[in-house]
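Shared between the two complexes below is chain A, which pairs with chain B and chain C, respectively.
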Partner chain A sequence: MYSSPARVQNVFGFFTTVTFSIAALVALSSAVFPANPTATIDVREFRVIKGRAHQYYYSKVQEYAFINFDLEADLGSLFNWNTKQVFAYISASYPGSPGSKFSENEAVIWDVILPSHSASKLYLRNERAKYNINDVTGKFAGENVTLSFHWNVQPHVGALKWGSVGLSEAFTLPPVKTKRVKGNNSA
Partner chain B sequence: MDQIQSVIDGFIDFEGQSLAETLTTAILVLTGIAAFGAGWVLSDLKYTVYVGLSGTVLAFLAVVPPWPIYTRNPLTWVAIAAPPEVVMVDVKKEM
Partner chain C sequence: MSLLDSLGLSELRRLNVRQQLSQILNFALILATAFMLWKGLSIATDSPSPIVVVLSGSMEPAFQRGDLLFLWNRNLDMNKEGGFGGTQVGEIVVYNTGTAIPIVHRVVRRHKGETTPFNLLTKGDNNNADDIELYPHGQWYLDREKEVIGSVVGYVPFVGYVTIMLSEHPWMKTALLGIMGLLVVLQRE
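This part shows the complex of A and B:
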């Protein structure tokens, strides 16, 4: 501490120690806030259509599922002082046809980034899925699909937090080119 | 040139160094606590950053320049004693 450069080094050195200690405390403080978001999903409409991916290098014709859904979600409890943003998404999962080696399948059909607490309530009616999914085998009809709602908290400091809440009723994808409305599903 | 060197050096005395050390620790620890508290109370991490950086700037300003408070106890060195008289003696080789 005899000379000015020595004092600059000392102050800066201890500044980094304090900064990392506070950052660690902030990261740990996230655990104090309870995360109990709510969500309900209802499937409105679903159909399977044969099509080609919008990719010039891949011309295989395969089955695509189009899904419309209702969503009501309240993610307010995920926003605290250490929340940068919340990523929420809906995935469709289905067991795969009997005998298939792909026995557990999950694909994201819709997602959203919530940047602040004021955007934490979601209310969607007959929302069309952002992503039309196709199966790895190219065939879809007859699959027993369930939608589920997932959230992912991205904090300023600390670890990402993942969770899942809200499961729709299972529905069976109809054969190609027919359109069914919920409740009219004979399978 | 010497003046520039003296500003860069900013030497302080032993008591001043002890005080500077204590001040560095105290200011930065209090800043950290205040920063966490401000962010927590106002529920926004940006206040933590603002308070933390302000306190750090304050610590630099308080400790780095050789303020008079750090040079109040200069060391008084013992004066240089007069050189002792030396008697030159020729040593002759004796056969």
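This part shows the complex of A and C:
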């Protein structure tokens, strides 16, 4: 009972018990902090362009939506001692075109990782979307698109949290403007 | 009983049959309990692998190598009244498309209809491009039902790192087994 291996085992057992108890308390404490972030989004510009994504080994000509937006957000209340980072993102959601079998569509057009409280205020004017989205069918058919702002809290330990605030007015994607491609006469 | 002597296990003879059987039973009980816990969690979460270890840095700084993730896979919600709409963009899913290791990445697009397939596009936070090149050749989307094994709901840092060390440095496995064997021998005295 008092041999060295038994002592090592006891010390290690005590260490893990204490560590996991503290981790559990920290994880539970996240629920105490109220999360009430605010955000407003306004759509500034949107157009649809026919093009080709070049980063893939295989690409086909599809329609891409280009969206510019204004964003004002305050995510300060999401930062507490158990916040490792906040992932903030804007998604565009739209119903499918009448012939499509996909009736719910949503795509992230912009995102940012906020590492600390000092980065928790966002103020963007006429910002270009980071990701120019294309539809699963390859084209947009005058869909009504709505932008919304979301956040995801990544804790140091415990449960991940998601939420959504701020919805833009719905806007209709205009018909395609064909991009002039080198050696191609389609205008 | 010369076999036990030649194997160097003559000490076993000191225990009677009843004690030996009880020890075997205890050992079996430990194994069965661990197995039941794992399978029980698997049924509760509807995931073949409800706890995974992060193996790459493509989701940094959210997840580092060795972090432990808890998954939930009851959020497919196909054709279900009162469901929550299934997997949303911004969720982090673990998927397996026949590659050697499962991949943990964030959902950046979802296309859902009345019937399957429920299509997802994923991207690692730390990667510049989305995951189309990680999917099998010619495939543009993930199938939520067939290829995703769960969405990340819980996080514990670093605890899974020991499994990475064991699989990357095989001598550690030998060392670990040796230490355990040594402890068993020492404890008998």
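The criterion applied here is as follows: the second predicted complex is superposed on the first by the 167 of 187 C-alpha atoms of A that agree within 3 Å, B and C clash if a C-alpha of one lies under 4 Å from a C-alpha of the other, contacts with A are read in each partner's own complex, and residues count from 1 in each chain.
Simple rule for what comes next: a contact is a pair of C-beta atoms (placed from the backbone, for glycine too) under 8 Å apart; a residue touches a chain by one contact, two chains touch by 3 or more.
If you're wondering where the values come from, they're calculated on a predicted model, not measured in any experiment.
S.K.: Overlay done on chain A, so just call it for chain B and chain C: clash or fit.
M.R.: They fit: once the shared chain is superposed, the two partners occupy separate space.
S.K.: Which of the two partners, first being chain B and second being chain C, lies in contact with A:Glu104: first, second, both, or neither?
M.R.: Second partner only, chain C.
S.K.: Name the contact category of A:Ala159: first (chain B only), second (chain C only), both, or neither.
M.R.: second
S.K.: Where does A:Val26 make contact in the superposed view: on chain B (first), on chain C (second), on both, or on neither?
M.R.: First partner only.
S.K.: So, A:Gln85: does it touch chain B (first), chain C (second), both, or neither?
M.R.: second
S.K.: Looking only at chain A, is it chain B or chain C that touches more of its residues?
M.R.: Answer, by number of touched residues of chain A: C.
S.K.: Thinking of the overlay built on chain A, is A:Phe15 touched by chain B (first), by chain C (second), by both, or by neither?
M.R.: First partner only, chain B.
S.K.: Touch test for A:Ile113: chain B only (first), chain C only (second), both, or neither?
M.R.: After superposing on A, A:Ile113 lies in contact with chain C but is clear of chain B.
S.K.: Is A:Asn68 touching the first partner chain B, the second partner chain C, both, or neither of them?
M.R.: So A:Asn68 meets neither chain B nor chain C here.
S.K.: Is A:Gly96 contacted by the first partner chain B, the second partner chain C, both or neither?
M.R.: second
S.K.: After lining up the shared chain so the two structures overlap, which partner does A:Pro5 touch, if you call chain B first and chain C second: first, second, both or neither?
M.R.: Both chain B and chain C are touched by A:Pro5.
S.K.: After superposing the two complexes, find the smallest distance in angstrom between C-alpha atoms of chain B and C-alpha atoms of chain C.
M.R.: The answer for the closest chain B-chain C C-alpha pair is 13 Å.
S.K.: On chain A, what residues does chain B touch that chain C touches as well?
M.R.: Dual-contact residues (chain A): 3, 5, 156-157.
S.K.: In the complex of these two chains, what residues of chain C are touching chain A?
M.R.: My answer: residues 61-62, 85, 88-92, 106, 108-115, 119, 121, 125, 129, 132-133, 138, 140-141, 152-157, 183, 186-187.
S.K.: In their shared complex, at which residues does chain B touch chain A?
M.R.: Contact set of chain B toward chain A: 8-12, 16-17, 20-21, 24-25, 28-29, 31-32, 35-36, 39-40, 42-45, 48, 52, 56, 59-60, 63-66.
S.K.: Name, in rising order, each residue of chain A that touches chain B in their complex.
M.R.: Checking each residue of chain A against chain B gives 1-5, 7-8, 10-11, 14-15, 18-19, 21-22, 25-26, 29, 80-82, 156-157.
S.K.: For the complex, which residues does chain A have touching chain C?
M.R.: Against chain C, the touching part of chain A is residues 3, 5, 23, 55-58, 84-85, 87, 89, 91, 96, 100-108, 113, 115, 131, 133, 135-136, 150, 152, 154-160, 162.
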